[in-house]
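In what follows, structures are represented as C-alpha cells.
Shared chain: chain A. Partners: chain B in the first complex, chain C in the second.
Right, the complex of A and B next:
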C-alpha cells in the first residue's frame, strides 16, 4: 500500500475511540509478551528459586528468606558442657548452681530455641514443654539465650540437644499479585503466560493463515473437483466445535506447544480457505486478471502477485480475530489440562491452577490471569472488528 | 497481398450454468440437458496484416467472449484459431510469441491492478518474458508512457491516482509494452466521456499508423466503427450475420439486422430511409429463437427463417451475409 492510502486508512481507523483503545491495549500486551524476561520481577520457570514458604501469599506481600536452623548436641561432664561435633555457634556454660545457659552468638534474633532431652527435674526458664516429649521451647528468647534450671542440682553427666531457629526475613521483593501454590510470583507468571499465549496464538493463527489461504487460492484457481474437495473438507471441519477438535487431537497426540499449535491450525485453516477462496473468485473475474493472462504470466505469479495482495486486507482482519480465537482455544485446552506442559504455564493453566484455591478465599491466583486473558481477547476482537469495518468497502460513506 | 495474421474458423463458446456435483449427477441420470448459453456460435473471420477489423453488435451478443478467445484468455468450446497459419495450441504454448496478440479492456477501473504501481503494471510482462533486457525495462516503460502521452513520473504512482482516460492510456501502454502485432480493443472507449473518447481514438489511430499494428476494434458505436475500420463484422446473438468492407457495408447493407442497426444510427443527412425501426426485445441468449436468431424481430421473415440455420455466404466478392431471403 502506498503512503497516501495508508494515511487515509489510519485516519479512518482513528475515528473510533474504541478502535484506538483496543489497538493500544493489544500493543501493550504484545510488548509485555516480547519483553517479559526483562520486565518481570522473577523468573517463574526457575524452579530452584521457588520456596514453599512463599506459597499462596496474598497480593502485596513480601518475599521472605526463610529462617535458619542451628542444631547442636552437648554432653555435660563434671558440670562442664562440651559440644559434640560442630556447635554451629551455639554454646552452653554454667550460670551458677543448677543453672546452665545456652546461647547463640549471632546478630539475627531467634524465633525460637528448643532444648531436648533434659534430665528429670530440670526445666527451661520461660519455656513451654511439648505435651508428650521432653522438649522445651522458648519463643523469641531474649538475648538469644535460655537457661536450664533445676530445683535439685543438675546431674554430673547428662546429654541434651539444642535446636535454634532464626526468624524469617522479609525481602524487598513484593508479590503485587500474590503467589500461587508453588510460591510463584503471579505477576511474573502472568507476564510469561501472556508471552506463551501470544506466541502460541500468533504462530498458530499465522500458520493457519498461510496454509488456509494457500489452499483457498489453489481451490479458486483450479476450480472443479479440486475446489469441491477442498471446500467439502472445509465444511467438514467447520461442522465440529473448535474445542472438540482440539481435545480430540491433543488426546491422541498428547500435550505440548507444537501439538497445541497443530490443533489450532487444524481448527482454523478452514476459515482462511473459505474466505480467501471467495475473495479470489471475485478477484479472478476482474479484468486485470484477464490482462495478466493475456500477458501470459504464469498462474502462480498471477495468484501470488495480483490476486493475493488484493485479498490481503480481509485476510489480515481474519488473522487478528483468529489470534484472539487461538489464544482462547489454547487457554481452554490448557485449563482442561490437555494443552501446554506444566513447565510452561500459559494463562489458561494459571487460571486452572488457581481454580483449586478459589473456594478457600485465595481468589488472586485465578483472578489475575483471568482478567488479563479477558482484556486481551476482548481488545483483540474489538481491534479485528474495527479493522474489518475500515477495510470493508461497503462501509464507505 | 498482405499475409493473413489471425484466422478463426467455426469458433464457438458455450457457457454452462454453474451446477453443484449433486445437480450434475442428477442431470446425468435423468439425461437432462442443462440450459447453456451459446455466447459465440460458429464464428468465422480473419484479420490480414495492417488491417483493422470492426466487430459490432448489441450488448450481450458475445463480442467480449469472442475477443477473449481471440487473445487466448478464454478457452474455446469448438472451432479453431490460427496465428500466421499456426494453430493456437502450439502458438499459446510459446509464451513469448503468444504476446503478439494483446487486448485493451473496456473498464478502466477494474483492468488495472490497484496494488501495483504503474511502472510494474506496464513493465512486468516485458521483464518476465525478456521482451527487452532486464536493465532496459525502466526505459522501455517510460518510452511506452511517452507514446501514450503520459509523463515519466507516472511510473511510481498507483492506478487510483488517475482519471478514466489516463487509466485507459496506461492499459494501452501495458499492451504495447510487449510489442504486439494484433491489438484487440474491446469497447476500449465505451466507458469514457465523449471528449476523452476522441483523444483515445486518436491515440489508437496514431499508434496504428506508426507501427502498422493490426487491430480488432469492438464497439456498439457504428460511428466509431465507420471511422476506424477497414472491414466490419456484424454480430447478432453469438453469430456473425454480415461481414464486408466498411464502405460496402454502410452503403449496401444486405442483412435485415444490419439495415436495422444502420437505420437506428444517428446521422447528419436528412435523407429518409424506408427501414423499419427496431422492434421487439433482444431475445435471451439462454433461449435463442430457432433457425435464424433474428426472425422474431425481422420484418421480412418468411416461414423458413424459423427452421433453417442460415450460414454466412458470399453475396458479392468480399461481402458475406447470412440472410436466406436476401436478394
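Right, the complex of A and C next:
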C-alpha cells in the first residue's frame, strides 16, 4: 500500500465519527496496556505489599498505616481484675455491682476497644457484638474506657481479654476506585487487568491468525484429500461452543496465561482457516496467479507473495474482531475461575471477585472492571466493523 | 332424634377443629443448601451432603449428635461390650419400616452387607464397617457384632450407616464380600420413590437431583416426631443466589453463609444467625513423600519440604489470627492442631503457633535458602467458604518471608484427583471428623498414607512418622476412653513437633435462619431438619 492509498484509506476511515472514536478508545487502552507499570499507582501483583487492613475501602479512601494494637488478658477473682502478663497500660477496675471498667491511660484517643470471651449474660455498654463470636467492640470509646455490665452479678472468677487499637494513619496514596477484598488498589488492578487482557487478546488472535491462515492457504493450494481433512477438522472445531473448549482445556491443564492463550488459539484458528481458504480459492482462479504459474514460481512463493496479500484486508478485519472475542473469552473463563491465577487478576476475574460483594453493597469492585471491559470490547467491535466497511469493495461509492 | 342432632353437631365440630389443628400443624420448612444430596440411597456415596439427607430419612443404629458431641441411641436402643471384641446391641422394638414390618436383626445384617455392594458408587462407606468380623442374630431382638480387634469407635462408625429393609426374606451370613447374596436394592428405586430409605423422621416425597428434595414427616416414627410435616430442600450452590433466596423469602434457612453476606443478613432484621464451631479443619500440606517435588523452583531439584526447618518456617510465617479475624470475618478459630477444642482427642497442652516472620526467614536461611525459593500453592477454587481468599492471604504471607509464591486454583471436580496423583507440592484442603471424635480425623490425616487399609486417606502430602503411627494404632484398639484420648493427644503433639501439617483454622458452621424458626447448628456441618421447630 503506497502513501496515496494510505491517505485515501485514512480519509475514508475518518468519514465515520464512530470509527474514529472507537479507534481513539482502542488506542487509549493499548497505551494503558503498554504503560501500566509506569502509570499505575501501585503494583497489584506484589503480594508482599498488600495489607488486609486496606481491604474493601470505598472509592477515594486513603491507604493507611495500621494503627498499633495492644492485647492484654485479665483474670477476675473476687471482683478484682488482675492483668496476666504485660498489660500495655490497660487496666480494669470495679465500678460498682456487676460492673467492671476497662481503661487505657493514654493521651491519644483509641480507635476501638474490643472485649472478648465474657461470661454468659455480661455485655459491654454501647458495644456491637460480633454476629457469631463473643466479641464486643466499642468504636472510639469516650475517655478510652468501656464498661462491662451484667444484669445478674458477675461470676466470682472469670477471664477475659481486651484488644485496644489506635487510629490508622492515612498515607498520601489515594485509592481512586476503591480496593478489593485483599487491599488491592482497583485502579492499578484494572490497568494491569487491561494489560493482561490486551496481551492475551493480541497474542492469541495473532497466533490463531498465523496458524489458521497458513492452514487455509495450504488447503486451498493442495485441494483434494488435504483440503477435505483440514476443512473437516475446522467443521469439527466449530461444532463446539468456544467456552466449552476453553473450560475443558483449562480444567485439565490448570490456569495460566499460556494455557488461556492456547485455549483461545484452539478455538479461533478455524475461523481464519475457513475464511482464508475461500478467499484463496477465488484468488487462485485469477489471471495473475496463472501468470505466476506460467513463470514456474514455486508454490510457496505464489501463495505467500501473490495470493496472501490479496486476502489480507478481510483477514485483518477478522483479526480485529477476534481480538475482542479473545478478550471476552478470556474474561469469561477467568470469571468462571479457571482462567488466570488468582494473584494476577484479569478483568474477568476482578468482576468475579466483586460479584461476591454485590450483596454487601460494595459495588465498586466489579463496577470499574465491568465498565472497562464493556467499553473495550464495544470499541474493538466497532473498529472491526468500520475496517470491514472501508476495505469491502462492495461498499465503494 | 335430638340426641342424634347433638351428636352430629358435636362430630362436625370435632371435624372442624381437627381441620383447624391440621392447618396449624401443616407447617413447611424450606431450606436452601449449598450442596444437596446426590441420592436418596443411604449407602450410595460417602460425602457430607449425603450424610445430611441420610440422617433425616434413614436412621442408623446410633446418632453422633453434632450439637452436643454425645452418641445417642437410635435403632439400637442400647449396646454393651461383651469381652474385648464382641458387642451386643438391643434393637429398638417400636421401629417399623414403611411396609409395616418391624425392624429385625436380618435388616441390620443386610444393610451392613450392602455397604460394600452398591454398583456405580463414587465412594463407598466401607471404611465404617472395615473393623467388623461378623454379625449374627442373637435372638430376642438383639444383634451380636464381633470385631477383628478391639474397636472403641464401632458405634460411632455405625452411626453413619442407614438401616434399610431386607428384601431377601432370609438372614444373610455376614462376610467381607457379598454375603452370598445377589439381590441388592437398586439405587434408582430409592431415588424415584418406589423404595423407602429405611426408618427416619422423614420420608422422601420427591427427589429431583441438583434441584430439590421434598420430605414429608414419617407419622409412624418410633421416637419423638419432627415438628414440620414438610421440608423442602433446595439446591442453591451460588452464594449470591442463596442469600437472595433468603432475603426474598423463598427459603427459611440457608447454610454456608458467605462471610461477605453476613452484614446484609444482619442489617435486614428479619433473620438471625445460628452457628457452631465445626470440626472442619482447613490446612496446608507440603509434599513430604518424594525426593524431588513437581512445583518448586530454585532448589537444585531437591524437595525443600523434607527439611523440618522449612516446614517450621511455613508455620511461623502465617498470621492465623489475621486470617481468622479478617479474611474469615471471625467465623473461624485459629488452629495449631488437627482436632478442634472440645472434641475427643484434642490436646489442650499444644500452644498456638506464634506469628514470627523474622524467625521464619532465619530458619529458611539455616536450611540453605537464604533467598527463599519458588513455590506454587495450589487451592480449590470452589470448595471451602472463602477458600480462594484464604489462599491469596496465605500466598501474600509466604511471600513476605522471601518465598516466590505462585497461586494456582482448580475447580473441585479435578482438584482432588490431581492431589491424589501427587501433582502438587503445597496444597490447601479441609477435613472434618465424620464420626464426631478425633481419632478418625487423625487416622485420615496424620497416619502414613495407605489407602487399602483406609489410613491417611486425606494425607496426600504423605506426612509420615512411625511414632505417630504407633500412637494411632494403639489408640485404635484401646477400649479405655482415658487411655485412648491420651494416645491421640500424644499423636497430635508428635505432628506438632514434626511440623508435619500447616493447620490454618477450624471453620464455624454458619446458618442464617428466618426469625420464628429454631434451627440447630451442627458441629459436623450436617443439616438436621427434625430438630428444627417453630419458635413460640
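We adopt the following convention: the second predicted complex is superposed on the first by the 299 of 397 C-alpha atoms of A that agree within 3 Å, B and C clash if a C-alpha of one lies under 4 Å from a C-alpha of the other, contacts with A are read in each partner's own complex, and residues count from 1 in each chain.
In this text, contacts are C-beta pairs under 8 Å (C-beta built on N, C-alpha and C of every residue); 3 or more make two chains touch, one makes a residue touch a chain.
None of the values given here were measured: they were computed from a predicted structure.
Look at chain A after the overlay: chain B and chain C fit there side by side. More residues of chain A lie in touch with C than with the remaining chain of the pair chain B and chain C. In the superposed model, A:170 makes contact with neither chain B nor chain C. Touch criterion not met for A:58: it reaches neither chain B nor chain C.
By the touch criterion defined above, A:48 reaches chain C but does not reach chain B. By the touch criterion stated above, A:341 is placed in contact with chain C alone, chain B being left untouched. Once the two complexes are overlaid on the shared chain, A:360 sits against chain C while remaining clear of chain B. Of the two partner chains placed by the overlay, neither chain B nor chain C lies in contact with A:155.
In the superposed model, A:294 lies in contact with chain B only, and not with chain C.
After superposing the two complexes on their shared chain, the closest approach between C-alpha atoms of chain B and chain C is 41 Å. Chain C meets chain A in the complex at residues 239-240, 243-244, 258, 260-264, 266, 273, 275, 322, 326-327, 330-331, 381-382, 388-389, 391-393, 395-396, 399-400, 405-411, 413-414, 508, 510.
Across the complex, chain B is touched by residues 1-2, 5, 228, 286-288, 290-297, 301, 305-306, 309-310 of chain A.
Those residues of chain B that touch chain A in the shared complex are 21, 68, 71-73, 92, 95-96, 98-99, 101-103, 105-107, 110-116, 124-125, 128-129, 158, 160, 171, 174-175, 178. Interface residues of chain A facing chain C in the complex, by the touch rule stated above, are 47-48, 50, 52-53, 55, 130-133, 135, 181-182, 251-252, 254-256, 337-338, 341-343, 355-362.
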